[in-house]
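Each of the two complexes below includes chain A, the first together with chain B, the second together with chain C.
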Partner chain A sequence: MTSAVIIVLREVLEAMLLICMLMASSSAMKLTLRWLVPALVAGLGGALAYAVFLESISMSFEGFGQEIINSSLLVATMLLLAAHNFFVIRYLNSPTSIANDSCLLVFVLVGAAALGITREGSEIYLYAYSYGLVAGDETSVLAGGAIGAGIGLSLGTFIYYGLKTLTPRHCLVLSCGIALIIGAGMTSQAALFLAQADILPATEPLWDSSALLRESSLLGELLQAAIGYEASPTLVQISLHLGAVLLSIAAMVLGYFSLAGNRKTA
Partner chain B sequence: MASIRLFLTLTLISIIVLVTFLSSLRGYQESMIEAERLFDLQLLEHVKLLSLAKPAVTATSANEVFEELMLPDQGDLNLSAEMVIAYQIFSENGRLLSRSVIAPFTAMGPFEVGYRDVNFNGYRWRLLVIRDLEEQQWLMAAQRYDVRYELAESVILQSVTPTVLSIPIAAILIWFIVGYGLRPISLLAKEVRSREASDLSRVQLDGVPRELTPLTQSTNDLLRRLQSSFSREKRFAADAAHELRTPISTLKVQVHNLLAELDRPSATAEELRQGVDAMGHLVEQILVLNRTAPDQYMVQFLPVDLYELVKDVVSAEFEQVLQREQVFELDGSTAVVSGDATALRSLVQNLLSNASKYTPVGGAIRMNVREVDQQVQLVVEDSGPGIPQSHHERVFDRFYRLDGDRNASGVSGSGLGLAIVKHIVEMHGGDITLSASEALGGLCVTIMFNASANDSASQHNNKVIA
Partner chain C sequence: MMSSVINRVLALIFLWGVTTVVSAQTPEFIIEIREHLFYPSELKIPAGQKVKLIIYNRDATPEEFESYELNREKVIVGNSQGIVFIGPLKPGEYPFFGEFNPKTAQGKIIVE
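Take a look at the complex of A and B:
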């Protein structure tokens, strides 16, 4: 049961952190939360489709289909999070810009949330399917899954209301920070998948902090879910992690200056 | 925080989930450790029993399989065959003396006293090795790890599952309880919402909770201040109009005298007379408006035949229509409403005067009074320029005049006529709508009054008398 709790909690927490941050930032920008409906429908549909076609996905790309699709989903989410940061900074700079940006912003929000739910949902489904139905351990997987999901959803609720207690400006700045960290974590996870698929070179780890915090420990799992903690990262992973951070910062800088021209002409 | 109810339900249920689930998880882990210890003790008990079974052991030959004599009936315990404990008895020199069916021929583990984990028969086992010094033999008992784990977990899950299942029930209960707790707020909102616009009396709710008392008090305080400022405004307008009446009357007489004293007609003096008349009219209208304000009017309604009343007003005001060479038409029949004759007269006067004023010379005015579905309908149509749809709401505001001061007809008005009409309609619980007249092309004012309760009786009487 403990493994079910940890796996489901990790996946739910990862998805909740992303979705609750997006929810809080969209409310801070005075958008309604109606975008959640298409995001949930697309995300759950995507997760189901991913799980159902897993076999053909795994077989594709010379047997590395799963790694490639996973890393693509992660990179796409990171890019959407960078776009989110771009729009947030634009909004902070000039709140009236939301009128023009709202369509694209809603697309970014729906896309990021749907991709997150697809990835985490398919992982939970696969775990529940393989452990629950194949191993015949339904009760413990269901109870463990429910406990993990319950804890994850509760923490998500507190993250959302916690962000909402801040002033809109602080909430948006913090959301940008969270999006940056999640996006960077996702990129290093994607790098790991691509190294497994032999697309990126599998180099020696730069350091090993397992002694300080093991990845398999509860805290290690939670940190991996939240910030993409890796006990023994390779140079490629670190480079891509930093690359994602820089990309997000560049998106924010671009967002800051994108309205400067308009103001001068106005 | 869009909804207090949603916020409270979500956060409360989240706290309950976190506290109960984390404690369940902790309890599960502790219970699993305890269960392990219990199973180890069970192994120890089995080995002890095995050591007591000396006669059986000595009676068997070295390779003879020793059946599970020491175990109670498996069926009684409802355990699967997998739960059977495997054991072996070795002599001091390592020769196998006896073993259970599922135990291998070789030693299950090293000849070292204590508990340890070993692998054989494709499973991981928990092994206990004991050396019986008295009998000079080694006793080994082992139990499958996965079976121990499964059994322990199934027992512990019995206590965890109800906790998990109770959360949705708790969520539903919290949703309704929070809703019930917040009911005074919705009651307060309902009480304020259901009031008439003019009702500024104190909000009084029974059993207002302590948390809502400041809100009720501040609402009442606001209402009190509004009431006093409204009445001050009304008093000022009414008093000012009343005070202006006498000097205006004097002015009128003076202007009349001035005109009489002049040798020849003067356009300026005539304009002065018209101005003074308009001022007198305005003051009268302000007084009517204040008298007919729904919150000011305290009269008892009596049955009034609206058709007769319209006829009276028309005959009194017909001169204005004649002067403008307008065609006037009145249709209808007896229609009794419960109302105040003076106010209704003012209403008809204003409607007729407006129609005549804004209809061009030679135009047409049509009035109709009839009963429609237990209601009395008064329709006034004209062939004037009408009022655009976008202004229909605002023309009832006091001093609101279409296109600023004058409309296409070039007629100036006080801007109070339709406000007075609306007041009187509201006072009678009626309904007024403006539309474009299909027959005449100008404005069509339709007013619906509730028919008087004894209307049908009176109509019947009329017919009988006729």
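Take a look at the complex of A and C:
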């Protein structure tokens, strides 16, 4: 049962941080949280489809379908998070811009959350289905899974209300920082998948900090989910990580200047 | 002028040929999953070289081959196989495990 707790908690934790940050930032921009409904529907549908078709997905792309799809989902989420930062900075600069932007912004929120749920949910479904239902171990898998999901949801609630205690401005600035860091972490994870499939060149890791902090430790896991902590990264991974950071900063700079012309004429 | 272009093209074709031969020489190793255990549970591979791992899952249940040290994770559906490229790596021990059976499904890659 303890394995079920850990397996489910690991997956839930990653998606929770992303979704709770998006919830906090959207409510700081005075949007309703109704976007959660389509995000959950699309995310759970995506997770189910991914898990059900996993066999054919795995066979596609010469046996590297999983790597291609996972890295595409990760990079797409990073791009949506950069778009989120663009709109947040625009809002901070001129709060009235939200009237024009809300439609696109909701699309970004739904997309980012749904992609996160798809990635993490498919693994939970696969595990619960094959080890709970098929193997006939329902009680311990479902009970363990429920505990894991419960811990994940409580941590998420904690993050959400923690961010909400800040002033809207601080909450938004912090959310942009979190989005930047999560996006960069996802990009470096995507790099790993592409190296695993031999699509990106493989090189020896540049350093190994696992003696200082093991990725498998609790703190290592938390930091991996939060900032994409990697004990032994390769040069390609670090370059893509930095690329994602720069892209997010560029999106924010663009957001800052995108309304400058309007304000002068007004 | 023309001949230098032809020379360059020929050089490129030659290089392409060399890299293709090199990649065809990527050593292959096989790991099997049976009854939620890895066979062999210790696998020796050469250092400083990319290696192709072919993982056969003989169980009906899926398993996720995962390793923090190798930075790899891949779900292998029941009764199927998957390929994972690892390395180049420095000499040492790199543990891996099956995420769905983390207590029993354990093994390590020994790089030397």
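Note that the second predicted complex is superposed on the first by the 252 of 266 C-alpha atoms of A that agree within 3 Å, B and C clash if a C-alpha of one lies under 4 Å from a C-alpha of the other, contacts with A are read in each partner's own complex, and residues count from 1 in each chain.
In this section, a contact is a pair of C-beta atoms (placed from the backbone, for glycine too) under 8 Å apart; a residue touches a chain by one contact, two chains touch by 3 or more.
Note that this is a predicted model, so its numbers are computed, not measured.
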| item | value |
| --- | --- |
| First, second, both or neither for A:158, with chain B first and chain C second | first |
| Partner chain in contact with A:177 - chain B first, chain C second, else both or neither | neither |
| Chain B versus chain C as contact partner of A:147, first or second or both or neither | first |
| Touching partner for A:95 - first (chain B), second (chain C), both, neither | neither |
| Touched partner set for A:197, first chain B, second chain C, both or neither | second |
| Partner chain(s) touched by A:232 [first = chain B, second = chain C, both, neither] | second |
| Contacts of A:1 with chain B and chain C, given as first, second, both or neither | first |
| Partner contacting more residues of chain A (chain B vs chain C) | C |
| Touched partner set for A:131, first chain B, second chain C, both or neither | second |
| Of all residues in chain A, those that touch chain B in their complex | 1-2, 5, 139-140, 143, 146-147, 150-151, 153-155, 157-158, 161, 164 |
| Contact set on chain C toward chain A in their complex | 48, 50, 52, 60-62, 64, 68-69, 71-78, 80, 82-90, 99-103 |
| Chain A - residues contacting chain C, complex | 3, 6-7, 54-55, 58-59, 63-64, 66-67, 123, 126-127, 130-131, 134-135, 192, 195-198, 202-205, 210, 214-216, 220, 230-232 |
| Residues on chain B engaged by chain A in the complex (per definition of touch) | 1, 7, 10-11, 13-15, 17-18, 21-22, 24-25, 28-29, 153-154, 157, 160-161, 164, 167 |
